[in-house]
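Below you will find the structure I want to go over with you.
The chains carry the letters A, B, C and D, assigned in the order they are written, with residues numbered from 1 in each.
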Amino acid sequence: MSDLRIAVLGVGMMGADHVARIAGRISNARVAVVNDYLSERAEEIAASVPGARVVGDPLDAIADPDVDAVVLATPGPTHEKQLLACLEHGKPVLCEKPLTTDVETSLAVVKREAELGKKMIQVGFMRRFDHEYAQLKALIDGGEFGEPLMLHCAHRNPAVPPSFDSAMVVRDSLVHEVDVTRFLFGEEIASIQIIMPAPNPAAPQGLADPQLAIMRTESGKLVDVELFVTTGVAYEVRTELVGEKGSAMIGLDVGLVRKGAPGTWGGRITPGFRERFGQAYDTEFQRWVDAVRNGENVDGPDAWDGYAAAAVCEAGVESLHSGRPVEVQIVDPDSIKGFRK
Amino acid sequence: MSDLRIAVLGVGMMGADHVARIAGRISNARVAVVNDYLSERAEEIAASVPGARVVGDPLDAIADPDVDAVVLATPGPTHEKQLLACLEHGKPVLCEKPLTTDVETSLAVVKREAELGKKMIQVGFMRRFDHEYAQLKALIDGGEFGEPLMLHCAHRNPAVPPSFDSAMVVRDSLVHEVDVTRFLFGEEIASIQIIMPAPNPAAPQGLADPQLAIMRTESGKLVDVELFVTTGVAYEVRTELVGEKGSAMIGLDVGLVRKGAPGTWGGRITPGFRERFGQAYDTEFQRWVDAVRNGENVDGPDAWDGYAAAAVCEAGVESLHSGRPVEVQIVDPDSIKGFRK
Amino acid sequence: MSDLRIAVLGVGMMGADHVARIAGRISNARVAVVNDYLSERAEEIAASVPGARVVGDPLDAIADPDVDAVVLATPGPTHEKQLLACLEHGKPVLCEKPLTTDVETSLAVVKREAELGKKMIQVGFMRRFDHEYAQLKALIDGGEFGEPLMLHCAHRNPAVPPSFDSAMVVRDSLVHEVDVTRFLFGEEIASIQIIMPAPNPAAPQGLADPQLAIMRTESGKLVDVELFVTTGVAYEVRTELVGEKGSAMIGLDVGLVRKGAPGTWGGRITPGFRERFGQAYDTEFQRWVDAVRNGENVDGPDAWDGYAAAAVCEAGVESLHSGRPVEVQIVDPDSIKGFRK
Amino acid sequence: MSDLRIAVLGVGMMGADHVARIAGRISNARVAVVNDYLSERAEEIAASVPGARVVGDPLDAIADPDVDAVVLATPGPTHEKQLLACLEHGKPVLCEKPLTTDVETSLAVVKREAELGKKMIQVGFMRRFDHEYAQLKALIDGGEFGEPLMLHCAHRNPAVPPSFDSAMVVRDSLVHEVDVTRFLFGEEIASIQIIMPAPNPAAPQGLADPQLAIMRTESGKLVDVELFVTTGVAYEVRTELVGEKGSAMIGLDVGLVRKGAPGTWGGRITPGFRERFGQAYDTEFQRWVDAVRNGENVDGPDAWDGYAAAAVCEAGVESLHSGRPVEVQIVDPDSIKGFRK
């Protein structure tokens, strides 16, 4: 089966990230087409990926026969038209949030997809794929903590661009917690209230920051969200689930921490070497593949490292038997003809 | 540039992991050839990867013109011969530890590679690619903690197979800390001592477990390693660096924790959304690519999720202006013709 | 200067704790008088403390010339009368919360004390004396985190008695966060809202649990408090301060954890042996004093422990010079005439 | 029963701490006599404690009929003579480490006490009274982790006085881990080895720092101790117990953290308000007693704080019923005649 040929529409910061992701870290896919309303930008990004070409019109890119699927990272106002084009051409599309910029057009897109009878749209709420959110979801679904009751969330950015306004705090930041709530609780949100404390003195004039959002789901679960986009600290996203029989917090930079009967707090130890070093193996292989493919020297441990380890282990086994310190015997590398470190 | 065509030799547990890794998570590479001394096993694994075929003899696999590079996951005693074949054919090889099973043959491999004048061998000490070890290395190289003085390590397995003996604790477990020491300190190990406490009552008769290894580097840095392979708990690998101006520990399941002047402990907050959610984006894309390629329904957030988020945010913005709770208006999904959740 | 002679009024669970505290852990004070509306209970508690006697009427206890100060642990409805009596007799009083059971009588007590021109009443909001709250207060007052903006609090009990009702969640639990807010922010609370999610299925019928309280101070700082009294887990009290330049959380069972620029999280290492082992020294001395006073054998480390330590250290110093393992020489304790461990 | 009358011999830094401890934090005891070889220092310290007087000769202080018990904080070389005097006079003595400065005199003291047939000496190994070590001891004795196998310890000081030499690292620092080992394992130490890495460049010339001590107990348990007294960071004392069925670490500034089956790490939540706020209650009472006794204004929450809390709670209960935000009604404090904050 050949690689999935993807058109990436919109290659600003986010779209360019996705191009690099597909080209360098995603298996079985390649960037076939790049499009941006700034043609120079499109050319620049396409040039960075072997086999990618620019198509100047987004609808042409969608319709292109050499495109199997579409990634939409264009500005929100263009989404409706582009999504509908994807639907008409039967092209699966991964659409960065928002789906569209208002409720009516979003509903129109939902309806058209339903009429066509095939799910073709995925929205880029990436937190569902984060391993900590996945753990939280599994904890809820496993039933161990009983009925989920509340979420306490914090969404903090160190800074935002000057153009960021109070409504964008809701539309661009809170929207993630909206999806997290719906994902974790599996039900719709019935009402929402935004409460504004005295603003952060360091926030730009006119920006309501921080905000406290209170959401209530259909069955009465409560979610409170601190939204604070001018902290000056770092990117912090935290979610605490409060359940009938325990609570769990993610986003503390220490893994999922849970509290439960019999009065203990803590986390899970990574159970095996695959979980502990899976990322390391992937990185090792990707870097080795990239170096070999480019004809570069690999920069990982080399034969000398393997030899040195063997020498130490041999001495170690000798010490295991004798109980005494043992000198390690390693040849002088300069004595090896042609050796370069 | 086309994908790197890899021969995987030895597809036991580890080799099979590597086959799945290359096929499903590594970009720009594919498994071209599979080899195993058990031909049925080789067939089974090859069948799981489109485009892979079995080659019955490992040396033939190495020599195969459709093979650009080799992954060696065969038993240690076969490594010497296979590595030398890779060298002769100029095939870059990623060799699972050990390089070879004794010091003399390891040195012979080093010498042959040096004679040929080109680095072609990488050894699978994957910890160098783990992000926590990389952070520790960066901390040392950055000089912030001054001169590194000591490492305290623990290497714990919940259990080992019945065949595991006292020397394998050194050769298979300690070997990783040997490489970690050489990697972090950038110098050779000069002597080693294995000290044995009273054995764990739960360890198999005859297995010296736990062990305490004391290694000293050329410049006099000390490394102590607890080796304990029958803990019954989990896979735990921990390394603490003690430097002139501070200390740092990894492997506590809470990220790198450092202690330093002015008397504080703690870690770094993931600085941005790329670091915090990079894994989520990668997973999102890989799963979307795989689903689309296989003609399956994507299982991520769909158009309805995008619509529902829009409806909540619209109500949120209204509350932002009014300060009051606002009901969220969502249409009945059953009213949408053809809609399926 | 002689010990402060205290009358403890009300010796239920809380008052009895205070009697034991004064008798066994507080220096320069003693329990002179015990009073309870259950005379048998008063006798029982008084009998546990040398030098304490029962006085049957609380107002007589307050007036008693051998009483210098009063601790009030009686039921709330009796507080007003007893506090006014303390004021009339000029007896300083430490009054367990609530001051009185309603706003009018509380104000009447405030007014009477003001008329008399001397502060004589302290209310038992003990969190102000907790070292973690003190650290949070110092952090705010130090100005390092700039303007304080919000508090996120959680107040969780594993269970409450059957008589506990929804209003008691506010009056008995939330009241602590009310005082914490006023203490940390140094201003009054201007408004409050209680929001109720769907109740915990495990909570008694009719009890609104959990609750979410939203308080706003005069200057517009926001405080949200999760109140949850049927968690089944443990006693959890957590407070997170969000400031202009950083945030800090206490009550995680790991000390105060702060986040701030430059994007780090963590805590303070106990800076010296006094802070690290101050509690140990106090406990050591109190237990030694109590044992010696009662003519009991002390149970701390004895002369043999001192001797054994000397023997090990002597061998250690020898190893320091020789670099070799040294056997420790300890005499057979049975060879010592009269020796008992 | 009257207070225990204590003579404190030696009022340098440590002895002066103990005088303040007995006078201000220990119940049922008082400092009756102060002695120091610097008479001015003795006078100064005695003057800080009501009822204490100076006795110029340490043996006279021990013999004094108004002295019930002795605290020895004099230099080590004087201990033997003073301890023997305590024994002869039948005075219980709490002796700061070391018992004496060499093994022979320590043994002589042990023998004399044994001859007299009564335990009168306690040595100041205060860690046995630290709540974290007590938890570790309870964990071992409870048997939950099976047979204890090893301890990994670190003992770090930010700095030491210029007079501190390599042997003092053993005698003054390691000695605590010697006692901890004997306390936790309940057996004697059979051998010891000191290993010296390349010294810390920041350590004074000639000081072997850091050191690594390896101790083996009679039954073969191993203890390794990092001794590092010029870290520049803080006072760090850490102990990790490795047992047959789990491990636990204290001294991380986050409470006791344990790892065990089924592959989890974590700690215990403080189970109730007594454990969580016991220190706060004690501090509250001691500070209130001290203020009242000295005729000072108490600085804890006052009647106004009680009134303000009542006003907020009343509004909270109203909101509980209405579900709406409720304004808090608080009178203007300036309207209260005579009111002072």
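As a working rule, a contact is a pair of C-beta atoms (placed from the backbone, for glycine too) under 8 Å apart; a residue touches a chain by one contact, two chains touch by 3 or more.
What you see is a predicted model; the values in this text were computed from it and never measured.
Of the two chain pairs considered here, B-C and B-D, the higher C-beta contact count falls to B-D.
Set against the Cα centre of subunit D, the chain with the most distant centre is A. For this pair, subunit C with subunit D, the centres built from the Cα atoms lie 20 Å apart. Here the spacing of subunit B and subunit D, counted between their Cα centres, is 44 Å. Each chain gets one centre point, the mean of its Cα atoms, and the points for subunit B and subunit C are 48 Å apart.
In subunit B, the positions touching at least two other chains are 195, 214, 216, 233-234, 236, 253, 259, 263, 265, 267-269, 271. Residues of subunit D that touch subunit B in their complex: 146-147, 149-150, 152, 154, 158, 195, 197-198, 200-202, 210, 212, 214, 216, 219-222, 224, 226, 228, 231-234, 236, 242, 244-247, 252-253, 259-261, 263, 265. Residues 257, 259, 263-269, 271 of subunit B are the ones touching subunit C in the complex.
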